[in-house]
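As written, the chains take the letters A, B, C, D, E and F, and residue 1 is the first residue of each chain.
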Amino acid sequence: MTDQPTALDLPAVDPLPEQTQAYFDLCVEKLGILPNVLRAYAFDIEKLEAFTRLYNDLMLGQSGLSKLDREMIAVVVSSINRCWYCQVAHGAAVRAYSGNPALGEAMVMNWRAADLDARQTAMLNFTEKVTTDSARITETDRQALREAGFTDRDIWDIASVAGFFAMSNRVASATGMKPNPEYHDSARGIHRFPLFS
Amino acid sequence: MTDQPTALDLPAVDPLPEQTQAYFDLCVEKLGILPNVLRAYAFDIEKLEAFTRLYNDLMLGQSGLSKLDREMIAVVVSSINRCWYCQVAHGAAVRAYSGNPALGEAMVMNWRAADLDARQTAMLNFTEKVTTDSARITETDRQALREAGFTDRDIWDIASVAGFFAMSNRVASATGMKPNPEYHDSARGIHRFPLFS
Amino acid sequence: MTDQPTALDLPAVDPLPEQTQAYFDLCVEKLGILPNVLRAYAFDIEKLEAFTRLYNDLMLGQSGLSKLDREMIAVVVSSINRCWYCQVAHGAAVRAYSGNPALGEAMVMNWRAADLDARQTAMLNFTEKVTTDSARITETDRQALREAGFTDRDIWDIASVAGFFAMSNRVASATGMKPNPEYHDSARGIHRFPLFS
Amino acid sequence: MTDQPTALDLPAVDPLPEQTQAYFDLCVEKLGILPNVLRAYAFDIEKLEAFTRLYNDLMLGQSGLSKLDREMIAVVVSSINRCWYCQVAHGAAVRAYSGNPALGEAMVMNWRAADLDARQTAMLNFTEKVTTDSARITETDRQALREAGFTDRDIWDIASVAGFFAMSNRVASATGMKPNPEYHDSARGIHRFPLFS
Amino acid sequence: MTDQPTALDLPAVDPLPEQTQAYFDLCVEKLGILPNVLRAYAFDIEKLEAFTRLYNDLMLGQSGLSKLDREMIAVVVSSINRCWYCQVAHGAAVRAYSGNPALGEAMVMNWRAADLDARQTAMLNFTEKVTTDSARITETDRQALREAGFTDRDIWDIASVAGFFAMSNRVASATGMKPNPEYHDSARGIHRFPLFS
Amino acid sequence: MTDQPTALDLPAVDPLPEQTQAYFDLCVEKLGILPNVLRAYAFDIEKLEAFTRLYNDLMLGQSGLSKLDREMIAVVVSSINRCWYCQVAHGAAVRAYSGNPALGEAMVMNWRAADLDARQTAMLNFTEKVTTDSARITETDRQALREAGFTDRDIWDIASVAGFFAMSNRVASATGMKPNPEYHDSARGIHRFPLFS
């Protein structure tokens, strides 16, 4: 933990408050790593807690969207914004939740190439418009989601997850946040073909 | 409060928890209105609290950026994203904090038309790039802020405020959030010229 | 009148021809101000007259479009082009003609947020396409206007008003034209709520 | 003259006022054709005169810009806007004024491919920015023109000619205006090579 | 042939291999000129042959697309990319194959202005999407071509010709390739009207 | 080989000519797979050979650019164009040639996030401009490459490789070409961390 998680000189509070340290220890225990985004926010405990509270509610809380749905939204937004940190970290999450490495790649590279059902396609079309052209969203767009089976609460959640990554993509890119290298190879299959040997 | 704050059918928890009601009462007492964004989130108290905690830390907490600086960032981002709710509400805040109605107008219409000093210009140039092209931000951009007098903590705050409105613009536009009408005419000067009479 | 109306060193003809002075006096009498755009053109009386003749025919002459329709077109174009002068001056005109300050704000901030009827929506959709993508206009676009109730002469007028502001936005921005400050607060309502106090 | 100059059903005043007929006769005498833009405006003599007065002042009146300079600006703007009428008609004018068919082609296809001096390059760079991004023009852009030898009056004229074609491109495209076919082959050289035979 | 065909210092192999010289002689005999693109590639005979083999298969080989169809695609792509070399050379080819100088102009200036049938319109709509937004092409786009009468092999050919000019436009622009001046005036009609005299 | 390599119904020549079959067998022997792009072109042997000849010269032939340089260019172009096939296949090649999985990811996600030297940065800046804005390339851009150590022949090669993928991205996307699934997991590292378990 001597390397900086961002390009800014904002060292973590040292020592961390006991509760924060316990939370970080839990992350390492469950994920094998401490995500750099948490290290980045640790220079100010109030900011760290406000961020994690919102993140945990949106990405892990109760919702009509599955955790995979939410991670797919996260990666599609991050791909449009070309956020290095979030594509790496959440691309790994899509691979892990789906058990389908190619699906994670497709969310990063071009979501239209994935083999999606009508509900997922509607969800990602809305996500894309929220990300690139939110000022043109009208009732027609919301109605398309309802017709694809989403409730008004689901629409709120799609908008909120897409909005959250609009924010965190920008904070990560603006501060030069670096993803933990372990993400790159997690949740991959293993092929033994001698490609390009 | 019979009208809906958004286009989604997500009624507020009724009755509100005591603490929430007290917070809303305080808003009305201090602002004269209850901002519709709070009404919109009131369908889920955890979401409301996560949102307000992050908002209050960023916009009202301690920072090297003045409250006016932060509101200028908010409006420039919201203008690029053409978010109706946020331009109306935060445009009013710029007028109020600055005592300069024309400054609020310029943040909405074209921030380059405002008479800004070098520090503010650097801040808004960075804000604009974070908003429209965050993937191209490099150390050069951060260094330009340092040369304009900003600390690394200030850079974090500019990125975070710009990121926050990247999020809330999208949530507001995607859900059809309506600004309280009182904002339109607050913090205006009064001219008696018979323009267009 | 010692301040310059633009960033160019092009002083008005001095003294003005009698007829020009009379026209300017009439403006001040009717509007309470002499719009800076007239001062800007006054360095060359032929240019001033050619401009005002075209302007007055388009904006004040007989047309199937109301004056408010034409001012709404003016502001939507000026908002897309982010012209400081024209958003300020014509935003005030929309407020004045409509008696609805929020409508003027919406034309500046995001016209889709306004509560418009089908005819106005068709008019502003066409205006937007004329402004941003005129090369793709086809008969389909003109037909959509006819179906919304516009005559061919009305279509000419929408195109001409949108075109006129495509021109004057560019002349104003390229020359650094400054709006008269009186516009900012004209035709506003007055609220006494203690917002942001 | 039985074919319509635009896609709108707006027949010319019939008979034309004597003065208008004389002006049209003069055009035919001098150019060999009556430009369709004049036929298009002839449904309303006030509009026709307002248009021609402004056009003639800008394109034929006294200016520090040569007529060729002004036609080069006209074609560069019309190329960016992909206006069929104006590229055809004013491309022919560049060929005619310059005696250089390839220069007319370059203004249409990609002005950067032309062999231009520093003054012309500065003029067309400013023209391009006025056309595509006028809201970002600042004093720096005007100063670049002054350093290339232009006066403040010349800057006004560049902005005004570029602005004029921003307008007329849109009116022409929005109304489906058709160029006179004679333009296509006027002011061409003649090669006898059997290309593509 | 002492002038350089590009801005790079890459002289042709000297002397050319016999077979290459014979091919160049044949070009001059048939076209009256040696196209500069061939001179540009002549610094490396393997590159020259790989290029001409692909070019000749695509543009001159058997296909359900006529040679004029293929040249129209070439110019529409080159116009979007504003490639000086390819617009000049292939614009001439459209004029020559069609016997219609105005059609060549329209492909350069704005293909929507041309008087095209439904099949050609479908072909050029697909060409445009391949050129500007290929990642969004879906089965719907291919189906639209089938409904306009194209076979799957034709679709391959449209994509391949559009793709080829996506490549050669970029090579030409990146290397500063200059078109032979003879193209400008080839396949023009001749008008004797005194336009702009 | 019963699945189709594209969305078009263009079955391979059957049986393949002996020489083609031998080439395909060699691919399988060396790579472990037969790349689908070769299967896609196999409906027409002349097209297959023209494509592979150009590809092999550019990507495997003698050049001042290393094979890794050329694959980095390929992926950066394919990322901008969001070509599913080429990002998958050539992303794997960057991982394989560099032995650095994260480098392959960065070329796909945001090349500016990679840790590149000045020569590579210049190469990819030029690649990006060739891909998105080739009409604006001027001598200044070529000179920047020379100053970074590239020869004129290297500049030709960068332009040609970038141009080649501008072509093949479009052919792949327009025809719905599917990458071999083996690419996804080739040349990855293996991490045992329980991320997202």
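The criterion applied here is as follows: contacts are C-beta pairs under 8 Å (C-beta built on N, C-alpha and C of every residue); 3 or more make two chains touch, one makes a residue touch a chain.
Note that the coordinates shown come from a computational prediction; the quantities given were computed from them, not determined experimentally.
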Given subunit B and subunit C, the chains that contact each of them: A, D
Path length in steps (a step moves to a chain that is touched) from subunit B to subunit F: 1
For subunit C placed onto subunit F, the superposition rotation in degrees, Cα atoms, nearest 5: 180
Equivalent interface positions on subunit A and subunit B, same or different at half: same
Cα-centroid distance, subunit A relative to subunit D, in whole angstrom: 51
Subunit A and subunit F: spacing of chain centres that average the CA atoms, whole Å: 28
Averaged-CA centre spacing for the pair subunit D and subunit B, given as whole angstrom: 44
Interchain centroid distance [CA atoms averaged], subunit E/subunit F, Å: 24
Where subunit D touches two or more other chains at once, by residue number: 82-83, 110, 135
Which pairs of chains touch, using the document's own definition: A-B, A-C, A-E, A-F, B-C, B-D, B-F, C-D, C-E, D-E, D-F, E-F
Of subunit E, residues touching subunit D in the complex: 30-33, 79, 82-84, 87-88, 92-93, 96-97, 101-102, 105-106, 108-110, 113, 181-197
Residue numbers on subunit F that touch subunit B, as the complex places them: 110, 112
Sites on subunit E touched by subunit A in the complex: 135-136, 138
Of all residues in subunit E, those that touch subunit F in their complex: 7-10, 43, 46-47, 49-51, 53-54, 57, 61, 81-83, 126, 130-131, 134-135, 137, 139, 141-142, 152-153, 155-156, 158-160, 162-164, 166-171, 173-176
